[in-house]
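Okay, so subunit A shows up in both of these, paired with subunit B first and subunit C after.
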Partner chain A sequence: MFAYTVRRVIATIPVMGIVALFVFSLLYIAPGDPAAIIAGDQATPEDVERIRASLGLDRPFIVRFLEWLFRVLQGDLGVSIFTNLPVSHMIKQRLEPTFSLMLLTLTFALSCAIPMGVVAAWKHGTWIDRFVMLFAVLGFSVPVFVVGYVLAYTFALQLDWFPVQGYTPLSNGIGGWVSNLTLPAVALGSAFIALIARITRATMLEVLNQDYVRTAKAKGVGQRAILFVHALKNAAVPIITIVGIGFAGLIGGAVVTESVFAIPGVGRLVVDAILRRDYPVIQGVVLMFSFTYVIVNLIVDLLYTVFDPRIRY
Partner chain B sequence: MSTTTLPPDGFTPAPKLADVLPPRKERSKLGMFAYRHPTIAVGGFMVSLFVLMAIFAPLLWTVDPTALAPARRTRPPSELYWFGTDMLGRDVYSRVIYGARISLIVGFGVAICAASIGLFIGLISGFIRAVDAVVMRIMDGMMSIPSILLAIAMMALTRASVENVIIAITIADVPRVSRLVRGVVLTLREQPYVEAAIAAGTRTPMIIIKHILPNTLAPVIVQATFLCASAMIAEATLSFIGAGTPPIIPSWGNIMAEGRALWQVKPYIVFFPAVFLSITVLSVNLLGDGLRDALDPRMAKRI
Partner chain C sequence: MSSSAPLLDIQNLQTHFGTIDGVVRAVEGVSFSINAGETVAVVGESGCGKSVTAMSILRLIATPPGKIAGKILFKGTNLLELSEPEMQAIRGNDISMIFQEPMTSLNPVLTVGRQIGETVMLHEGLSAKDAEQRAIEMLTLVGIPAPARRVREYPHQLSGGMRQRVMIAMALACSPQLLVADEPTTALDVTIQAQILELMRDLKTRVGAAIMLITHDLGVVAEMAQRVVVMYAGRKVEEGSVEEIFLNPLHPYTRGLMGSMPKLGSSLHETGRSKLTEIQGQVPSLRKPIIGCAFAGRCPNVTDVCRQMAPAIEEKAPKHLVACHYAPRAAAAA
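So, the complex of A and B:
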């Protein structure tokens, strides 16, 4: 287990390196010459050249990349063009809402989707199954922000059950935190639920045909125990795989959801940065989200051994 | 006396088969196809409906979708303005009908570009080991960047235009197609008929084109359909957050982005493009589901 963990962690290093290289190239080819901007309109070409040299912008790509990478590893993501604040500081300020939203969405989506998929597989071919499959296709087809607006219009504007927009920090009490994040989490979770319910159903259909399920039935094990203990445990590996892969969609959806519900998270930060062409911020957020995604999938890989002890790479 | 003469008295000849069996339902070729693949039929029909709507937008009782009329701004839906007017007095109905063009161009554009580039990369790296190691590491890295973020980052670098939206979404989608094709190629190259072709001295390009490529097309077509659907959502998402199609062009994402400021009082501006977008994406997804069941039974069993 330990050796496997170490090997998996080491295997993610090249992936992260390529992500970093890609994200760095984005800034490298970004329009606008920082040296010219700093030098101002009055500067002569020689001045610009001198500033470029003093900033180290005249050195080769690979040297600049390694230097940048070294700073990133120390947590320095550069300085925002617009606010002049360190990017890492700006991201840190906004992590809580985004993290809360994702955590709530994940909890909500998993506790909806897995029972849905299990029941659909159990009642295979009935109207319950059809309903779940219909929901799965719909969940894929309706964009997150559309679901968001429909929910906000119905449950916040018309029924007044939840606040329309905004965010209450967890430190101000859990009630406001939950009521502010409920609609965004449901909106963001819709596509995720569709994805997981579909995979759960498909895997459960396969598992329920296995001999050990028949044996359990013959022994007189209860239906619920068969479904949720015997079968679900064996269906876990594909399900958590798709949770890991689907996490990318969750990140992308969070960016949009935060815009719809005016949640001051990292997603809002990157949307504002796009409008201002604040490249260091865009770069920092993309890097942060990508590393999160890689780490989530690393955790998924490590979870395989928990659910399926046969896996020993 | 022969024993095989006339039937005995009282024997009625067997009725003709056609009179006993219910008449075979006469179905045209098209009807038969729709009966066998209902999802392809429904999805395909709806997609072609939207394509026709986009092509014939000027004939569908629309007015100039960019014509400003500040005096008549934010009118609710009425007989004159079917979907109302936006904050600049533009007719939302016309904008939504014309908006189908952008969504469909981006959807089909991305599907075609990403499928062909992904097919090319996947074929090469699936067949040539030396290329495989490098290319797949790069693809792994790109796939680790959530695709909408990758598209956002690329859109931030370039000028907003429909072509750039297609390019940005395509780049984000290519790794997935390449991975899929590579996987198919890796199983195909172990097939006896490919070994036989190698043994017979067929040159590698010939093997790839004649023996491998045709077998990768079915999964790629299915994947391309789903890419088309997700690209439409991606375009709307990019436009919605202000990093997509230039605001001057009416696209469903842009209409929603403009309606965003007013959505609490004038929800219809956001509502109509949202409904059209969702139904279009749903149709393409239905088509994709149907195609997958018809073309790729192995995958259909899994998902």
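So, the complex of A and C:
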């Protein structure tokens, strides 16, 4: 198990290397010339060249990539073209809101989606099942920002149950933190709930037909324990796999959600950076998100062994 | 109830399934009883409703699409009238069941100890720690070596025979009065079959449970049972003591099954397992009501009477019931 963990961690290195290469190439494949943008509208071609040279944009790609990679490995993500602040510092300042939003969304989504999927499978073919499936289709097809605006309009503006926007740090008390993040988490979570509820239902339908479920019933196990212990544990592997894969969507959704609810997180940071073509910041954020995704999927892989003893590494 | 009343008394059991293309009459008016401590074998070709009968007793049939009618009296209480929680208290406690497929009947993600222990935690309120202790005792009882280690293992770490032993341990953990065993050895290879049967016989005398033993295997019937119920197309066609059924089968279907069977006695053990023999013809569809005798389509003795009128089940010899118009009546019977 330990050996496997080490191997898996090592295996992420090439993945991260490719991600790094891609992130670095963004500068080349994206439209627009950063040197020209920084130089401004009145700049002469000479000015632009000077800035290009000062950014190191005139040297060979591979040299610049390796230099950049070396600095990144030391935690130096470069300096923002716009604010002149270290990118790592800018990201660090924005991490708490983003991770708070994701954590709350994940908790909320899983605690809704799994019972929904389980009950839908148990009561399959009934109106409960149809309702869950309808929700799953809607949750998946309505974009995050639409859900976000509808929620904000209804529950913040009209009913005044939650703040319309903004973020309260956890250090200022959990109440404000939760109340600020509730609507964003629901908005961001709706597609995720749809995804997880569907896979839970599908997997549970299969599991509930297995012989061992009948055995459990024949022993006198109650319905709830049959569903949530005997069956759900067998359905866990496909579910956590989808959670891992769906995490990418969660990251994308977080960027949008932060904009809708004016949450000062990494997502907002990267949107602003994109608008300004602030490449070091874009690169830093994309790298950070990619790293998070890889880590989440590493955890998912390791969790398999917790839920299914037949999986051994 | 008086002490002579049967432990289980099934009266006119009817289990039907509603399907898209009609009602499947899987069990159609079956009655039989099992006394305390007795082993009753239920035999018949596959698809004749043995498993459905067994699962109806424990109410393991999903309703809908299933529909169970009749009476299933267990110690005088009609199980079909109990609430689901009342039924849960009986399952695994007073009546338990073992299934044909040991490879798939255990939960792959729960330890063996947990699965055995769960039963006693549920029905006897034992703590998790005591339950594990009981699980170890049960594993010892069913002859699994190194039980203290095995309780922590998962089913995939055990062989098929071991898993069936675990199933038996699980079924007997609460000392049930009735054990329903649905082809418990069919999926196992011959040497393991013999061991499992030996174990069941041994445990039966120790625990004192009655057994409803469903089997394809007439050798098993001869070794294990006192009485036999023969089923065909969801009906009971013959019932009697093992001796009566083997020495004096009266229903043409039973005779067909016995076709190549050696006579009851020492030769049984020597010839080993004797599967039910193939009988010519097709089992009638259970999707439409059968007019006349269900066996008419395959019976060598069939007449027009058989095709028009279903034979009633009658006592043709003492305690020997047969549903056939032409079964000879023994002189001694009324």
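One rule holds in what follows: the second predicted complex is superposed on the first by the 279 of 313 C-alpha atoms of A that agree within 3 Å, B and C clash if a C-alpha of one lies under 4 Å from a C-alpha of the other, contacts with A are read in each partner's own complex, and residues count from 1 in each chain.
Basically, a contact is a pair of C-beta atoms (placed from the backbone, for glycine too) under 8 Å apart; a residue touches a chain by one contact, two chains touch by 3 or more.
Note that the structure is predicted; figures quoted are calculated from it, not measured.
In the superposition on chain A, A:Leu85 makes contact with neither subunit B nor subunit C.
More residues of subunit A lie in contact with B than with the other chain of the pair subunit B and subunit C.
Of the two partner chains placed around the shared chain by superposition, neither subunit B nor subunit C is touched by A:Leu95.
When the shared chain is aligned, no partner comes close enough to touch A:Ala262: not subunit B, not subunit C. Contact with subunit B, but none with subunit C, is seen for A:Tyr153 once the two complexes are overlaid on the shared chain. In the superposition on chain A, A:Val9 contacts neither subunit B nor subunit C. Interface residues of subunit A facing subunit B in the complex, by the touch rule stated above, are 14-19, 21-23, 26, 29-31, 137-138, 140-146, 149-150, 153, 157, 164, 198-199, 202, 248-249, 251-252, 255-256, 259, 270-271, 273-275, 277, 279, 282-283, 285-286, 289-290, 293-294, 297. Residues of subunit C touching subunit A in their complex: 58, 60, 84-85, 88-93, 96-97, 99, 101, 104-110, 118-119, 122-123, 154, 156, 167, 170. Listed in rising order, the residues of subunit B touching subunit A in the complex are 137-138, 140-142, 144-150, 152-157, 229, 233, 236-237, 240-243, 256, 263-264, 267, 270-271, 274, 277-278, 281-282, 285-286, 289, 302-303. The residues of subunit A lying in touch with subunit C in their complex are 210-212, 214-223, 229-230, 233-234, 236, 307-310.
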